[in-house]
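Heads up, the next two complexes both have subunit A, just with different partners, subunit B and then subunit C.
Moving on, here comes the complex of A and B:
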């Protein structure tokens, strides 16, 4: 707005300039950590990062001082697959329910609960996962510290994310499509399967990726339900069923009082960051036009 | 929405073919502005006149079954929520019954003698959360203003992306970053500086420079919640009616005056809502805090002191605690307190934001 600048008092011009530059300054402070984190991880971790690091199991003493992080990468994949196999069907199911029921009181309540589940702290999920899956006394499934227990707990965390994004994606399908389907005599199931779901596919895919993104970074629930394994297990349940996990691996390596382990941790963080950024890119490709959903849940 | 139009549409369809035509034309008009998907294809996939679907008794029956089937999805969410609450309350019950409200203001935590009080952990949690909010609120609000009003369009797209990526960085990476970068920085530079300047006047800033402590944890958690607060604030800033901004300019206000005295004032509920959501996120943050806060069950006296938070206590000691039912119950009770805090806080923040986005300022956002 230059039109009246000349007539403004010095005080007001000064304030205008100061506040404007302050917004820029604080904005820099806000994005600096992202660049700094990537830089620090690269700077400290690049010396051990090679193909060998990604493709071998950890060895040496303390375990991990030699070898790579294959156990973590494989374990994270196993956990993500287990978590998705619970949360994707259930989340889409619940999302379809919310879409279909819309504003009636029961659906409002379910929507509130689902949103509240989004905010449940990860240690609380850990407690729940422990008492439902891992505990060896009392009620519960007695699976021990195992991949299945960890994966399903992560699945619990993922359910509300998939639910809300599925509902939003279904709502973004133009109502005229739905009306058109009904006008042609389709039943509600046919409308949902033939019109609404195909139209919402990209959005639902975004939701699943957002969920996976969240699950990949979760460490706390795994402390309660899976912990860690330096190898790759044969089974998913029982006392031998724990898997490694990238996030958990970083946590354990950082805790070791050893320079080598810290370097390895930073390299593992770099690998985790790379996976996260690739998934993030996938989300962005899926929501080319509508960025609404990503900012809402992420 | 419950498809109120279903019966009407089907009745109209069976009465005359004209109605169908009318709907088709209308839907094409409405759809023409939407780029994704082709209504023709989508509709043809089901066939123009599916015999099963025209008001037959069996199809109405199956439709009803379908509705019931969907309800299962809602029930699952309800069940999951109940399980979370139930597990926490039931396992925390021995501790709740034994210590009552004194759990909240007793600092004694002695597993071997079976005496538990959570004050130190509660205070530690609020210290870290408080520092995180103090740092993130100004940073987030100013960057939201920059994103919504100062940044050129191309830039605002790129940096919004950056912001959302920042939100996707795992907590443990923030923690590792904190240990390798923030802790030495605080120990060698920032904390001695604080103690030598502000610490000369107020004891509050005059602690030992350890690096680890509530300040390190608070700063890192603050950075973690900036993207959340900033994106929600930006979204509400973008919803301020253009007339308000124009009126302000028309009265001769400068850009900064318009932004800070008119626009920012109009979105105060949105800012409060986003800060509440940020609080809910910060209070439950675990791994980064666990690595940085120092894990010592004392009440911090200065900003450089070490402490212990609920979430880091649980992640650190819960697997040992389960051997003793009362010890486990005390830990779960702390978890329950954390859960209740986040439930209350998130309900509040959600209501505020939904009222703002869905009500007066209007818009397409359904809330969330």
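Moving on, here comes the complex of A and C:
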């Protein structure tokens, strides 16, 4: 059948067309929610969105009916930094441990524990954080409703995410590189630090990103550990140490019987999305950079 | 005089014996070729010589492998020290995501050598020994991945030479390369054997005949025979060796 060499059969072309359209359709379904959020938030919130909105603190009565959301932006940043400074080192170390130990019983236990932690509802974390950090009576650290209490509670939520993604990213480094280092007389630790970790950096960056994005959207853990502040505190602990938080701010604003506050909630959602985008790009840039550095330093 | 010596060596993956009762000597300043059909155990044997099988689950051994008289599986030799003395080059080039310079310097850096001048000297010396220097001297800071496959493999050889090993293990080092790159690697092996003991696993009979002084024929986990390459290829003493090298099986 000579003509079949000249062009694909009708059957093949038909199948290609169907599969191609299906792929496009499912891609559309996948991004639709994002477009929907952006559209709704933009449509409802654009009227208050200006430089003033992101650079001033909320004022008026009820608080927030005038002014901007600087408290929420700054607070969210502070919480992310606090949560990351706990979870990133702990999570990466735990991930390296799991990679090293593979299938020994202790590593299996850590892995199981880590998976269980991933499944703990965030409100439970909030209550745990309350007892450990915030409550002023009984055991615990008595930090009050504060940024440190809230940030570390969010850090707890991030740890298992960073741990599992780090382990997986290390496992994805081709075995041939690992063996190449061992064959040169590198110890396990040297192989991990010099070859496996630089190769896994992009994956670990994604893990940190997922953790941060998760944390940025949390409100329940903060209800019992930080709650909310309409200003920016001087201290991160104690009764004056709470910070604002964008997610919490949106939650509070939409509960106010005030149209302007609803509009501001939508505008704040847009700002939150923009921050997510900036952090995403920032982490991509950082891991790209560290790969470059890794290629120069041993 | 033998650099390494293997006596009554058995290797197991779980319950399965991959190697049975292997005894042979690895001569210094010669090339030993390991030949045999796929699955005969030659790669397992090669990787047993620098304990690369330690990372394989449920791998275990019996018998003895010595380097200069010291049992490499005993507590007298740490695997890390062993691998500095018994270097290895793999089937597929596996340069690190680093510059050409840093790839070669890596083995020295992990030994704690920081001096830029020592590193530069050793990198140049190793790249020259691997016949790569003239091709890369102008771009030592470019990524190793900017090199062709054949150059990458010679870079991996340079990397192995930089730590000044005594024995070099080559696991089908040319099987992923084109004929020109292959012949360069083979010439290189001829140069290197003046200084090192070399063990090469190859599927290619002609290659074994071209590059090696001694040949060992493995079959189903056993060493059928070993001897001068010229004798193995012209007058083997075992009929199975003859069948294999004349292409009757494998």
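Couple of notes before you dig in:
The definition used in the following text is that the second predicted complex is superposed on the first by the 242 of 298 C-alpha atoms of A that agree within 3 Å, B and C clash if a C-alpha of one lies under 4 Å from a C-alpha of the other, contacts with A are read in each partner's own complex, and residues count from 1 in each chain.
FYI, a residue touches a chain if its C-beta (ideal position, glycine included) is under 8 Å from a C-beta of that chain, and two chains touch if they have at least 3 such contacts.
As the structure is a prediction and not an experimental result, all values here were calculated from the model.
In the superposition on chain A, contact of A:181 is made with both subunit B and subunit C.
Among subunit B and subunit C, the chain that touches a larger number of residues in subunit A is B. After overlaying the two complexes on the shared chain, residue contacts for A:265 are found with subunit B alone; subunit C is out of touch. In the superposed model, A:22 makes contact with subunit B only, not with subunit C. Residue contacts after overlaying the shared chain place A:40 against subunit B, while subunit C stays out of touching range. Judged by the touch definition given at the top, the superposed model places A:100 against subunit B, while subunit C stays out of reach. Residues 103, 174, 176-177, 179-187, 190, 194-195, 198-199, 291, 294-298 of subunit A are contacted both by subunit B in one complex and by subunit C in the other.
Subunit A contributes residues 1, 4, 8, 12-13, 15-20, 22-27, 29-31, 33-34, 36-37, 40-41, 44, 90, 93-98, 100-104, 106-107, 109-110, 112-128, 130-132, 135, 156, 159-160, 163-164, 168, 171, 173-174, 176-190, 194-195, 198-199, 202, 213, 216-220, 223-224, 227, 247, 250-251, 254-255, 262, 265-266, 269, 272-273, 276-277, 279-280, 284, 289, 291-292, 294-298 to its touches with subunit B in the complex. Interface residues of subunit C facing subunit A in the complex, by the touch rule stated above, are 50, 52, 55, 57, 80-81, 83-84, 87-88, 90, 92, 94-99, 102, 105-107, 109-111, 141, 143, 156, 159-160, 163. The touching residues of subunit B, counted against subunit A in their complex, run 1-3, 5-6, 9-10, 12-13, 19-20, 23-24, 26-27, 30-31, 34-37, 39, 42-43, 45-46, 48-50, 52-54, 59, 62-63, 66-67, 70-74, 76-78, 80-81, 83-84, 87-88, 91, 138-140, 142-143, 145-147, 149-151, 159-177, 179-181, 223, 226-227, 230-231, 235, 249, 252, 254-257, 259-260, 277, 280-281, 283-287, 291, 310-311, 314-315, 318-319, 322, 332, 335, 338-339, 342-343, 345-347, 350, 365-366, 368. For subunit A in complex with subunit C, the touching residues are 103, 174, 176-177, 179-187, 190, 194-195, 198-199, 291, 294-298.
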